[in-house]
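Here chain A shows up in two complexes: once beside chain B, once beside chain C.
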Partner chain A sequence: MAEGFDIDHLAKLARLSLTAEEKALYSSQLNQILGHFQALADADLPATIDDARVVNEDALRSDEPGLVLGAEAVTRIAPASRDGQISVPRVVDDES
Partner chain B sequence: MADALHTLSAAELGRRLAAGSLTSRDLCEALIARYQVINDKVGAFTHLDQADVLAQAAASDVRRKAGQGRGPLEGIPVAIKDNIAVKGQPLTCSSKMLASLVSPYDSHVAERLRAAGAILYGRLNMDEFAMGSSTENSAIRKTFNPWDLARIPGGSSGGSAAALAAGLVPLSLGSDTGGSIRQPASHCGVVGLKPTYGLISRFGLVAFASSLDQIGPMARSIEDCELLLNALASADARDMTCFGPSDRALTPAGDAKKLRIGIPKGFLGKGVAPEVAAAVNAAIEFYRAQGCAISEVELPSADLAVPTYYVVATAEASSNLGRYDGVRYGHRSASAGTPVEMMTASRSEGFGPEVKRRILLGTFVLSAGYADAYYVRALRARAKIRAEYLAALAGVDVLLTPTVPTPAFKVGEKASDPLQLYLEDIFTIPANLAGLPAISVPCGKSGHLPVGFHLVGAPLSEAKLLAAGRLFEAAHGFAHQQATL
Partner chain C sequence: MSNVPSDWEVVIGLEVHVQLHTRAKVFASSPWGFGKAPNEQVDPVVLGLPGTLPVVNREAVEKSILFGLVVGSSVPEHCSWDRKNYFYPDNPKNYQLTQKDFPVVVGGQVEIELPGASRNVMGEHKFIRIHHAHLEEDVGKLSHAGSGSLVDYNRAGVPLLEIVTEPDLRSSAEAEAFLRSLVAMLTQAGVADCDMEKGQLRCDCNVSIRRRGADKLGTRTETKNLNSISSVRDTVIYETARQIRELEAGHSITQETRGWNAELGRGYVLRDKEDAHDYRYFPDPDIPTLKISRETVARLAKLVPENLYDRQRRYVEKLGLPYTAASVLVNDRALAEWFELAVAAHPTNPSGIANLVANDLLRDLAASAGAAGSFDEAVPAPVSLSSCPIKPAQLAGLVKLTDEAVISKQQAKEVFAEMFKTGQDAAAIVDAKGLRQNSDTGELEKIVQEVIADPAVAKSIAEYRAGNEKAINALKGPIMKCTQGKANPVLIDQLLRKFLG
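Up next, the complex of A and B:
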């Protein structure tokens, strides 16, 4: 099951930057863990996953807007904020 | 009397508070004094705001004096795992990612505890983001087993269990995704209950694997565990999976001596330490002698539980932990250039090794070309495991196994072998996969190290689990036990 494992691709998908040592370690450990998952490939399993659902989709509450946390509480825990808004690195370059 | 307050049960403390022979302030002062001596040895707490605790205690005493006590937990300290939000207190999940986060809101369980008059007493150490079975993955500090300070307390709720066994607090909250309440409870000789999925709101519990996570009570006795469970269980519209006991009644306990107990075939064999097997077999014989019907049951897919869990849990974790991007809260890297570089650097600096390992694993099992082979097959295996457990529980009231195959291991012993550590949870994982209630009850020692047995019941059969535990506890000396420190 574990063929095609590409640690660089996975790290990119997961937005993680790994050192060479981390790549070697995680590759080795993940291959070992995935080997243990072989039991899943070999098992005789039911075709449906209905019994595995834990969420009753009828339980959704009505979607009503309301104040949960105010801007002050939200910006207080943000890494950086200015004028009541969360600031981040520039996303769009200035047009020249 | 004051020097022995840490040895008393929450129920007894409640009786003394109600009788007026004890004040919450005196109790909290005694526990703080013990904390100052003991906590550095054990490392159970990561934070304790002593002034806040004493202010809460004084307010409780005023309420009680005015005849406005709020119930059986009035004035009693409850310590809280550091992944459960309490307004104004740190919410670090024992991670560098959230090292400076102070929660701006209360979890549902914190609201319930306040409404019950409890003292919200400090933050408890854990494996980072609840990922681990030894509390060695905490980025803040190590926690040690009070029964042997060279050994792990279990995890991920290791602080919650160690605080009880060390007499630092009478009650604590843990969270359990694959055994994180029950495994440390077993290793520390205390009671830990994972409720039926949906009985207690997850609102304000930092998400690890949402279809598996549950908050649950931990205590030094069954009576105390039940006291805390009753305060927590309540419907909450903010968690769509929470129905609470008001919507679906708990199954009445009945006479514990008439319980039908199933012993899963093969669970006491391979991989179980002889002392653990002996203690659990003695518990089985105790129940037989009490008149319980003991029978063997088949759970043919039990071997699939660990791989199924680690696919489902890591898949959900990789999605849930996607929110830590350095934008809204949590660690932001100072070396950021573009937004994507900022996110990548923030995550790489903020997450520890086990969290990275699980995010990578979860990302893989959900990735294009592999999701059908891993994630979807794991969901199908989960359905099969749940069906087998429910079928077994149609014929018996509870299933009895060890909680953990071996006693607590030495600090560092399994740190470099994640797969071995994952197998610690082999007996506890199926209850999470199937959404079933389960409890770990102390049942003896392996040398000087506690051993627990594990009961799993049908949905909403918490009362039966507690009744079975109470019957055992009443006949043995394991209630309220604490390590000598």
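Up next, the complex of A and C:
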């Protein structure tokens, strides 16, 4: 099947830096995966919601607050932190 | 707005993000609340750590369905959640759980009221259609410090209902009225608190313009993250003027995401996160599709409060309230219900009760509480009635005493102040202060006869007898003076007419 994607664009969205060999390999593998999904999409099935994946409201959680990790534990698993917050490279959202 | 040239029409659609009133987060059991130290309200599910699975909070779902019922949407049989994938530090899992294909609220409408020609005149009413509302998780909060940014995930995972309107709004005034109405509905149903200062309500504002009469919509811009009604109003005015300027100069409008600088009162183009629009949505494999039972819908339907404009119409049409008092009462459900309890205790004069509630009671409650923050600077936050020293039946008692002319309206103000201070019944205060008006006919008759016999009032009597109705009032002052102001004015009037007629 024709490629329904742009491997460079996908790599960029996934923040992956790929070599030419990897691009070729992953393109072919992704095509196989998409092929499987296309086969599923082509299957003649009733257009209803899959009951096997439907739960009723018993599967919901009650609104009871539980335990938290604490800022110390949260920041410990981050590469960098400061004053109880996770430190990241500057991201700018404000007026520039 | 009035500054839009008449050959242009502005078209506005809003996306309103509301934090739902729950104790735990939407897919995790972590508590949430305002003012906690950074990252103290985070658990492994919020962070999406390996081995964790999200489970949807029932209360968040029910609050969402309740909102749907409030705006008259048909509650769907199923709803489901999807992953919206993007890399940005406010998002701990690299995807946000949201609802793309099967949201919990589909359709509905919100009635709005535009400002009238003056404060005591009701403005035009319109219905704004709701396209849908979906239940998603809020994201973390970023702050920028020097060369880096800091991330606090306390807000991540807070239940957020995103309410999306159809492009039905046609002016900044309509956008303002819509948000007022929506906030009233959300708070009166207990769906959300909508506290702007705590960031509980944020708005994205889509604006486009077109030649009046054109069918096709113009290219729109989206101004994100507006956190007050005034910012939405100012953004609409600013964007409308900017787009008209661009088009009239022969340029075209770029579809773009914008920010709003409330301090400087101007918008700006947001530096787009690269390819941010390509969210690669797919159904979340961790959360099964939810079937919403009709039993739940029926149970929640009982919690839908009377719509505020239905209530307003009832107050004006059935209870005969002036619009001004009715519009104040209906904005605050607890106040309106308090008022109705008072009316139940003294059903013959709803207007008298409404005036005391909307003016005196509200003023004194606000003064004793100190107003809390609200999304809307122009409308005071609801007052707390739980600490109100006066009970509805007591206020009814005061109005009854006035209606029966036991005390004058002027004295009622004095008694009201005393009731607010002490919580005593009106009758007890009236007796303790000796305010009860004299209704002893025999005694009053004597005083009235003495006063009309005084040559000083002969001229007024002659005028009254000659047909000048108002001249009778000149006789009431001296009578009041003789009784130290305690004479029943209704009785005085009757007696004067009897003796002069």
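One rule holds for everything that comes next: the second predicted complex is superposed on the first by the 70 of 96 C-alpha atoms of A that agree within 3 Å, B and C clash if a C-alpha of one lies under 4 Å from a C-alpha of the other, contacts with A are read in each partner's own complex, and residues count from 1 in each chain.
By definition in this document, a residue touches a chain if its C-beta (ideal position, glycine included) is under 8 Å from a C-beta of that chain, and two chains touch if they have at least 3 such contacts.
Just so it is clear, the model here is predicted, and its values are computed rather than measured.
Touch criterion met: A:Ala43 reaches chain B, while chain C stays clear of it. By the touch criterion defined above, A:Leu13 lies against chain B and chain C together after alignment on the C-alpha atoms of chain A. Contacts of A:Glu22 after superposition: chain B is touched, whereas chain C is not reached.
When chain B and chain C are set side by side, the one touching more residues of chain A is B. By the document's definition of touching, of the two partners only chain B reaches A:Leu30; chain C does not. Of the two partner chains, chain B and chain C are each touched by A:Val74.
Of the two partner chains, chain C is the only one touched by A:Gly66; chain B is not. By the touch criterion stated above, A:Gly84 is placed in contact with chain C alone, chain B being left untouched. Residues common to the contacts of chain A with chain B and with chain C across the two structures: 13, 15, 49-50, 54-56, 59-61, 68-69, 74, 86, 88-89, 91.
The residues of chain A lying in touch with chain B in their complex are 1, 4-5, 7, 10-11, 13-18, 22, 26, 29-30, 32-34, 36-37, 39-41, 43, 45-52, 54-56, 59-61, 68-69, 73-74, 76-80, 86, 88-89, 91. Looking at the complex, you find that chain A touches chain C at residues 9, 12-13, 15, 49-50, 53-57, 59-71, 74-75, 82-96. On chain C, the positions that touch chain A within their shared complex are 22-24, 28-31, 37-44, 47, 55-61, 78, 85, 87-89, 142-153, 259, 261, 268, 270-271, 274-275, 278, 280, 288-293, 296.
Only residues 101-102, 104-105, 197-198, 211, 237, 240-241, 243, 301, 303-304, 306-308, 310-311, 318, 322, 325-332, 336-345, 347-348, 351, 353, 356-357, 359-361, 363-364, 367, 369-370, 373-374, 376-384, 386-387, 418-419, 422, 433, 435 of chain B touch chain A when the two sit together in their complex.
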